[in-house]
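Attaching a single structure in structure tokens format; questions to follow.
When the chains are written out, they are named A, B, C and D in that same order, and each has its own residue count from 1.
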Amino acid sequence: MDKTEPDTGLSFERVVFFSDAVFAIVITLLVLELKVPHLSEHNEPALRGALIELLPRVAGFVISFLIIGLMWIEHHRIFRYIADYDAGLLWRNLFLLLCVSFVPFPTALFSENFWSRTAFILYTAIFGAVATVKLLIWRHASKAKLLKPNVTPELQRRIARRSLAVPLACAGAIALSFISIWVAPLSFMFIPLLARLLDRTSKTKTEAPAVSAA
Amino acid sequence: MDKTEPDTGLSFERVVFFSDAVFAIVITLLVLELKVPHLSEHNEPALRGALIELLPRVAGFVISFLIIGLMWIEHHRIFRYIADYDAGLLWRNLFLLLCVSFVPFPTALFSENFWSRTAFILYTAIFGAVATVKLLIWRHASKAKLLKPNVTPELQRRIARRSLAVPLACAGAIALSFISIWVAPLSFMFIPLLARLLDRTSKTKTEAPAVSAA
Amino acid sequence: MDKTEPDTGLSFERVVFFSDAVFAIVITLLVLELKVPHLSEHNEPALRGALIELLPRVAGFVISFLIIGLMWIEHHRIFRYIADYDAGLLWRNLFLLLCVSFVPFPTALFSENFWSRTAFILYTAIFGAVATVKLLIWRHASKAKLLKPNVTPELQRRIARRSLAVPLACAGAIALSFISIWVAPLSFMFIPLLARLLDRTSKTKTEAPAVSAA
Amino acid sequence: MDKTEPDTGLSFERVVFFSDAVFAIVITLLVLELKVPHLSEHNEPALRGALIELLPRVAGFVISFLIIGLMWIEHHRIFRYIADYDAGLLWRNLFLLLCVSFVPFPTALFSENFWSRTAFILYTAIFGAVATVKLLIWRHASKAKLLKPNVTPELQRRIARRSLAVPLACAGAIALSFISIWVAPLSFMFIPLLARLLDRTSKTKTEAPAVSAA
């Protein structure tokens, strides 16, 4: 069967392209959650006050944007090493996109109910889920021999280790949220540090170009 | 005329690209149907209750997402074998995208009225329509000699047979809905089984790579 | 200056890609105008009645979708022959996309006020504007020598002639709307006929493949 | 590490593609701010009146569209000269997209409150921020040796100088807004003139092709 199947080179690009489009749409839809305040009269201080009240939501928008951006960069990073795909990769990737496309809901929920631990946990869990599915994609690609020939076993391990950073940070944030939901988001700030700790190889002088390429 | 027409290689990619973009937008817009509950007071159990009430809609979102994902994979699958296009393919593909872009409406209708047989039938009919138009695209591509040279007649038949799975499952679901709309959605779960039954050739040991590529 | 500029091959694709993305988003956003009816009780006949009342809007959605699809195919058709671009082409194309991205507004206006001649004229004028700008793009590409070397002067004229079909049909529809807005939309059905009349060369036996490629 | 990393050629395209998709979505979402007037009765003059009242918002839509279009052209222009990327470029570009994706909010705010200096300043500041980040991207690409080998130092300086035009025009508009917010938008009309003044090299007879390519 395999030999009769034409190899187009287009198909894998379509998977990557489709994923990029979903990321781009989700990251752009986030801003729609920022509802413009309606004022009954032309009153400059009232408008400024309404905008200041919006600041927590703007912060939520910026944080969600940056986290989805980070997810996209991570997706970008692992797909750079993938040469081929199979049904397993396709479905895992679709499941990742399902989680990504769900992000606007917990973002909106949390930005309207930023007092709520439930909202915070849902918000954090979805990001943790995306990162976990990404790790599953990488593991599947490793096992199913879908990686490019020059991806060394060491690089496979490094990326798998790095990929634990976001799930761990999310688990940490959920745990912290039972102490205080104001402290919990700080956990996200440890993602770069965690990634570096988990992937110690990058702590060499070749680290800067490695980050750009890996 | 034909000889004076430059062959760019870009054009067919644009058709595929445009289709991918429409699929990506529709699959991402689905989540907008999940309206965040508005609470009058800061009440954690009330929020949790409101979220639990949303669960049927979340299920609808997930199901619609996965069905559109399946449609995209199917589109992907058949376009992998298509080498060229003509006006007939372009219009059939546009009609398929019309059906796909309509999906958010029956999804929203059904998720707000999940008691309604009418809503369920409309929801199911649109997915059946997409799958039927996909079959028409494949048949047109076969007849109009738009397939790649190494697509064997056997593969043409196999894909045509497989492509009957979704229309049949949708017809089954609509029929079952007259008994009970709670039982009817189960019909969708038979899609993989139906596809396998209709395309018996894949029941060989080469099946796993064939699914990944075909 | 020209010689020091690297030629990437990427840039013109980006223009085409960006245009495709805008078309895809606009064509997909149209369905958001179809608001799901909200029922106070679980009543199957009431739901069916509400859906039947929506039929004019669904028709509007389908018509807008098909017209934007036609515009995209036309855009596709002319850009297939364009080899390069300059600032003039970029801005004309951006102006075309401005008109295309405006389409959801008159579509929503007209689908909510399908009794209104003003809404119909605005709706028709925007489609006429898109088609007119497309003609301006083609003329600019002809004059500024941006076409591929094997585009014959005859083909240039044929496409320019064909491109008059939509503006003429829109002008006809606007004129007819002063008689009756129910009769006016029929004018759009003459677009394929007009295109064929304006481009008589295609009335040969090579017409079928020419349509697919041109 | 660097040598073991496969070079796909896909990755940089993905960065460009992702950026294009975000620009395309934002530019298309703008029209959603134009809410269709709801009339209680079928009244042609009332509809016309409501549309005339919408004109300031339509103007806002057109202006935002054209400014985002200009930003996209500028993005297009600088990325044409970039051959590679690193983490710094990726994050700067993501920050640019964050600013771009935020545009619908100040556009909606300003189109609803076009009397407000605060709204105007926010609207202008966001465009200034996009242009400033673009300049930072260019500087980073220059410093980090990410440009194509045939990009001359002179061209690097010219583009850096031209890139000051939008931030300067925005600063001018914000300053003018303290005199009158009706006069301030005129500042945007000086962008092409400013770009030309800042990049005097282009005032030669090679200017026309240089604009198209650079």
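By definition in this document, a contact is a pair of C-beta atoms (placed from the backbone, for glycine too) under 8 Å apart; a residue touches a chain by one contact, two chains touch by 3 or more.
Given the structure is predicted, the values throughout are model-derived calculations rather than measurements.
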Chain copies touching (chain A, chain B) - same or different residues, decided at half shared: different
Rounded to a multiple of 5 degrees, the Cα superposition angle from chain C to chain D is 90
Centroid of chain A to centroid of chain D, CA atoms only: how many Å? 26
Chain B residues counted as touching two or more neighbouring chains: 17, 21, 25, 29
Across the complex, what residues on chain D touch chain A? 1-2, 4-6, 8, 10-11, 14-15, 17-18, 21-22, 25-26, 29, 32, 85-90, 94, 97-98, 101-102, 104-105, 108-109, 112-113, 115-119, 122
Could you pull out which chain A residues touch chain D in their complex? 13, 16-17, 20-21, 23-25, 27-32, 34, 36-39, 42, 44, 47-48, 51, 61-62, 65-66, 69, 72-73, 76, 80-81, 148, 150-152, 155, 201, 204, 206, 208-214
